[in-house]
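Have a look at these structures, which come just after this line.
Here come two complexes built around chain A, the first alongside chain B, the second alongside chain C.
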Partner chain A sequence: MTSGKQNPKRKKNKTNSSPYKMTVQQAMSLNASTIIGVGVLTLPRSVTDAGHQFGWYSVLLGLLYGVLGIFVVVKLGARFPGKTFVEFSSEILGSQKVKWLGPVIRFPLILIYSLYWALVCSLVARIFGEVVVTAVLTNTPLEVIVGTMLLLCLYLAWHDVEVVTRVNEVLLIIIVIPVLFISLSAYQNAQMEFIMPLVPYDGYWFQLLQGSLPVMTSFLGFECMLMFNKHLQEDRKMMRYQIYGILVPGVLYLLIVIAGIMAFGYEELSRQAWPTLELIKSVNVPGLILERLEAVFLGVWVAAVFTTAGTWFYCANWTLSELIGRPHKRRWITVAYVLLIYLLAMRLGGNVQELFRTTDYAGYGGIVLAFVIPGLLLLIAMARKLDHRGEKEEESREAS
Partner chain B sequence: MKRVRAVLPFLLFIVLMSTVTAGCWDRRELEERTSVVAMSIDRVDEKEQSLVKISVQIPIPIKIVGSGGGGGEGGKSAVKVMSATGYSMADAMRNLQQRLNQQLFYGHTRVVAISEAVAREDLSAIVDSLRRSPQMRRLLWMVITPQEAVKLLEADPKLEQIPIVYVMDLMENGSKSGIVPDITLGRWFIDRSSSGSDAMANYIQSTPREVKWHGLALFNDDKMVGHLEEDLSWVLMQVKNKQIGGDVTISCPQNASRVDGIGAYLTAHPKKVHVKTTVAPYQNTFKMTVDVMVEDDIVESMCNADFSKEESYRLVEKALAAEMNSRAQKMIEKVQGEYGVDVFGMGNKVRANYMKQFEQLDWKKEFPKTKIEVRYTVEVRRVGMKMQ
Partner chain C sequence: MTRFVKPRKLSEWKQQQVLEERFEQKVDRLPEDGLTEDLDLNLKTLHEMLGYSNDLIIRDFICETPRHMRASLIFVDGLVSTEIIDDQIMRPLMITPVAEYKEHLLPPTEAVLHIKRSVLPIGEAKESAAFKDVVKSVLSGDTALLLEGCRQALLLNTKGWEKRSVSEPTAESIVRGPREGFSETLRVNTALIRRRVKDPDLRVKNFSVGTRSNTDVAVLYIEGVADHNIVEEVQRRIQDIEIDGVLESGYIEQFIEDNHWSPFPIIQNTERPDKAAANLLEGKVIIVIDGTPFVLIAPAVLSQFYHSPEDYYERFLISTLLRFIRALSMTIALLLPSLYIAFSSFHPEMIPSKLVIAMAAGRATVPFPSVVEALAMEISIEILREASVRLPGPIGPTIGIVGALIVGEAAVSAGIVSPIMVIVVALTTIGSFAAPSYNAAIALRMLRFPVMLLAAAFGLYGIMLFMILIVVHLCSLKSFGVPYLSPFTPRNLLAMGDSVIRIPLYWMKKRPNVFAESTDNVRLKPSSAEDIKPDDKWKTEPQTEEEQDQ
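What follows is the complex of A and B.
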């Protein structure tokens, strides 16, 4: 009943006042908590596979790419304030004379983005399920775990952007503090000789570059800012805070990877399916307040996964409904979309190895969509001198 | 549409609640499962086949003091030891499960005992099983026993209700006071995986009434190759982990005997160990130099020594250092010369400092050729409550 009463009011508000604008801090936490996801659990292994004990350099490289990526995305978005990716892509790709050109060209592009977000959402849900089933709840069917996670995503998708932002903002603190605590307490088992020498030599630089590719995929998630651009405040500090949003997961990843290398050595890491979980298992908290930290960690990690899968699904759903042009009546499409994602999650990869491989491929696709395409669009926009900065203020000034 | 809207919040409430209860799917109450506190692994010949024999120690909750019921007898009656055989670890566990009314839970396992015979054969299959199981903790104690490993589970020192807690405390307290090396399953995995070190494990001897730490078992990859006695293990612990090790007893430097026929001895207790390890290229290979400085307290002396005089200290220090150096020599001869296993983790140190050269080496072959030098210096800090 309550929702029935509230909804008309909300709609009224939307049409009357300007749409919701998130603050710079909110943008930062939305970015950070979307990025922190399933990558945390396997990252120490994937970087040390190629780079051995120098693996943490790959994280630094990946962080650098991430900063570059968000820079491009924010620069691109800043040219079209108050517009989503769906809206401004047609402007960039179309022409002003031939009105139908833009929407037609953008259609496949946006569809790819939407499907990509759906795919990564399903992969995140599936990996989450795999970890829970192998490590904690061994008798619970995978379907139940993936299903409940996706139902949560569905629930989030029915809400406004403001809700999504606030959920991410609140959960970021719940994620970062325990993870920081756990990764720092893992340093009590650290051995210097496992991470030495600190400076890689000749042959390793290339391997580190190779190793930075999987790291890059762990930084994916910032491309959601293409959509959330509509609700970003026009603020000079925005760029800075968006970069902080990459730095938060970056520092967290770096701490965990270095802790993993120093506690286990790269050779032991390469034998573990979920190295971060093993790291937590071997942590002995002084005082014995908590004997089994992995339970705490997995509890926190549910939140981390939810913020990732939820935001991705939100974007997938948002792009699709804007593309179809039915933004207000999207509820049943959303349900259908979640069902599709559920099927994808259950079909992708029969075994864990296949799942990891699919994740790698999806990650490489993500690199194209998050780094290459926004970069190209930015170049086109710059070449065509498309820039709407400050236009709205002028309009409003004229109006008043 | 309005009616749908009215139902929606209720539906969402149910959905949210279901996420909270996802864990209840495999909910199993505490009394509905059988916790294993210790496990032992042996090999037996049955029907002309060599099979794995797994034994578990299971506490009987009702017999434990404080849990009410008829308990209070303590000792062996508070636990049950069960064994089963199979082609593999998992097979044996399954056979064991078939004979139990409740599901076995290995999450509380604190000690895994492996018989020396199995360890000398090959541990890779067992390690694989321990690694794969999500229930096995990395912090549990892995020990090697000279006789059948199940004997350790059956041993009952009578001081603890659950006998294996005795073994566990022995290890835990020992490692805290520096007498027993802190080698858990996770530590063993790490040393085993690293190409610059070989693994070792605690060696525990038991009789039906007693349990004793008896040095270290040395491994070459997954195979146990040798055993190190207590006094040599302590040297290794000082060199490798800066743990203090046990007391050292030597004959007096001043007088060989107190009365005719009865020796005169002096016992020193190490208080603190400072270790400085350096690796450097040496001829065609590498050399590891370990400078160990031990701070000792004299706990007993039958010597004609006057500890108010400086010379007495020097004399005792020299004698102690000589003893430790000779022990270190013996230990190195055994570890490097006889078994050729790098339990020092010297390879890791070489890799840390000379990585380029290390990558071109086969460390397993290189290690016996390297030179290891341990130099002890001893400083006597205190002589207890008595001066002369």
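What follows is the complex of A and C.
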């Protein structure tokens, strides 16, 4: 009678046979929205500190480094399609004869990466909390803000990679359009004399180089592509779109820094704790729908912070669980990890000044992990001629 | 992972097992070739199987064509059309054949075939030898003809119960478009769709769902347009349902949907045949269930829920504007009260100073914080709305006016709520009615309350937290393998033309492969858009007129 009995035991879940591959636009969005994070708020200060009114050259320099960095990361990943960083690092560092060598050598390296991602995630959550508590919700305890943000990260970490990429794709639009609007309208207070002269003279070149170091740290986030490499398509357009992914935050940073310099002048700008927030406070909205914009900006910025902290936590969790050989959706490990990050966030740095210093150190560590180590690995891979490009196609061709 | 068969408790499962066995026993008690040559025994068995129900009618008579023998008609009173039985079954059988008939001596076994072939002027007839089939078709409105000395019964389609005629759909009314709506009968509904899509590739596959209700379910799709993976998945999920009864399409929907816990509808329903046909052409699968005018459309994506069939009938600028308005009103329905709470209690500095004075003056007498005020108003408006649905027709609007105007006015003058709150609540309610689909509007109405609480706790930050939560949830949803947020993510530029905006029909040259197979994706022949150039017409038409004049 029941139709189920006429057709007993069918195969369940025929779909989901091939592993998920993200589109090039998704890779771009993932990159861009991971990069746009807390850096935006302090960037004008750190660049004008060293480079004075020429600070925006540092942003251009940093953008150049960023493009170089993503170039190395993508080149490295492209040699090992369908593999995460955890998987291919043991292949690069180990040997084919001695099987156990690779996993043993990679272990501390991957652990450092995982802890680094956990650290930056906690720093982002903490800085976010500090800003929200000082600027909008003055009566809310810091712990609650950090805690709710980390809970959102936890919720994201329970999902698959495809959800993470889709979330980033959707939120990037929600972030970029208002931020672009606000940073463009910040030009209403611009004064040309603050940014003159346009070409830096003698003594500034070294200072600009110095200033480009903090800019580099605000471009961190693309190193997540090491892990997401598993789900990248083998596509010629991939490299181009990944570089677009760096250019989107680059252009936003440039707009904001120039607007900041032109509105306040470098002397005032380099002494503010949250220069971008001050910039937005000075903006008038046409039509007087809203008196002030900073709450709206902070609202949008919640999404930006979430895409940064969420993706970083996702990577931290993913690396760790892949390292210990558990599926990365193991919920209790993830919960424990979030608790660790929460403790880190609340413990690091007593006041905002100390927090900034910790962030700087973490950033320098990040430069090593995002620029230097992938570069070294790429050199080793090139020297050892490890390249798996096009292997799957060949296999399938042989099979057919 | 998809779960569509509800997990049952062991005890329930066992109970169900017992019930099923009893039913099977009842039906399978007789051997497969159940019918015997003895008519009386056959009738007795049928009587016993149906428990001597009073609406079962057995009409004994003497059949004259093709030979003189005893026969019986079995049908359920009320399910059949007596005219068909009288004129098209009884009359030809009982009339004594004219002299040309030579087949008086046909053996009874061949008589059945003969009757089917050349006696009964009836469209649908099939012979069967099993009691199981006889009972099933009699219960669904067929008439069984049993003959003495024959091991086969003839099942004749005499369905003709009282049914509602095709009338205007009430839940989805539009200004411009066909006025026909689905009705409760499966065949009428599939015919309504067929009449709109006269494509030989349109497939109709029937299933029977419900161990006791034996409800007919039809799955419709266009072969070569619909993605065959989705079609197979839909059929598989429908076949896996093992429930006792299916009374409405909602039963099927709840069993085949991908996520039971989501507030958002993952399968769309409609009572408009034109909407169903348009969705078929987009490559979706339509599920028609007997006994309800609401058919299901699977898979569904979020952007469909603010689309209306009218969008394609009006010109594109107008429909684009209407879609913007609908998207805006749905946003208002979700967020306006919480924005009011957030702004008034956390960020008053953001409100322009003149407005903030007006708001403060309005709120001066209100004894509650804005969240209590908002919650109370929103809950009372929900009560009003629910009550006005249940109220008998003529009273409904009256109560609506009484509730909305008089109670609101009185509450303001009593100083319990502020006038701005009344505006906010009114806008929210109207905004949720602007959503073309009822189930999506309900989702927003439901989600409005947690956002209000979060806004009361964290201001704008709370609203953003909730929005991010919803975005993550929406991104994780899938409807039969199609991401719920497509075409926004994964981005599909071709399909984006028909999402928030609606590009002109002559730009939709290809069918986006969100739901459809990518093999045949031509919607519009490339030439047809260019053929019509206004300039040419201006040149040619006056000439012809002049020629006619001459």
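In this section, the second predicted complex is superposed on the first by the 382 of 400 C-alpha atoms of A that agree within 3 Å, B and C clash if a C-alpha of one lies under 4 Å from a C-alpha of the other, contacts with A are read in each partner's own complex, and residues count from 1 in each chain.
Throughout what follows, a contact is a pair of C-beta atoms (placed from the backbone, for glycine too) under 8 Å apart; a residue touches a chain by one contact, two chains touch by 3 or more.
Nothing here was measured: the structure is a model prediction, and the numbers come from that model.
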> Touch check for A:G265: first (chain B), second (chain C), both, or neither?
Replying inline: first
>> Contacts for A:L137 in the overlay, against chain B (first) and chain C (second): which applies, first, second, both or neither?
In response: both
> So, A:H159: does it touch chain B (first), chain C (second), both, or neither?
Replying inline: second
>> Contacts for A:Q26 in the overlay, against chain B (first) and chain C (second): which applies, first, second, both or neither?
In response: second
> So, A:E193: does it touch chain B (first), chain C (second), both, or neither?
Replying inline: first
>> Contact-wise, after the overlay, does A:T148 reach chain B, chain C, both or neither (first, second, both, neither)?
In response: both
>> Taking the superposition on A as described, I'd like to know which of chain B and chain C A:L171 touches: first, second, both or neither.
In response: second
> Just chain B (first), just chain C (second), both, or neither: which does A:G299 touch?
Replying inline: second
>> Per the definitions at the top, what is the overlap between the chain A residues touching chain B and those touching chain C?
In response: 1-4, 7, 136-137, 140, 144-145, 148, 152, 155
> For the complex, which residues does chain B have touching chain A?
Replying inline: 2, 5-6, 8-9, 12, 15-16, 18-19, 22-23, 25-26, 131, 134, 137-139, 184, 186, 189-190, 193-195, 345, 348-349, 351-353, 355-356
> Tell me, which parts of chain A touch chain C in their complex?
Replying inline: 1-4, 7, 10, 13-15, 22-23, 25-26, 132, 136-137, 140, 144-145, 148, 152, 155-156, 159-160, 162-163, 166-167, 169-171, 288-293, 295-296, 298-300, 302-303, 306
> Of all residues in chain C, which touch chain A in the complex?
Replying inline: 1-2, 20, 23-24, 27, 207-209, 211, 229, 232-233, 236, 239-242, 346-347, 349-353, 458-461, 463-465, 467-469, 471-472, 475-476, 481, 483, 485, 488-491
>> For a test of understanding, state which residues of chain A touch chain B in their complex under the given definition.
In response: 1-4, 7, 134-141, 144-145, 148-149, 151-152, 155, 191-194, 196-197, 201, 263-265, 267-268, 271, 278, 281-282, 284
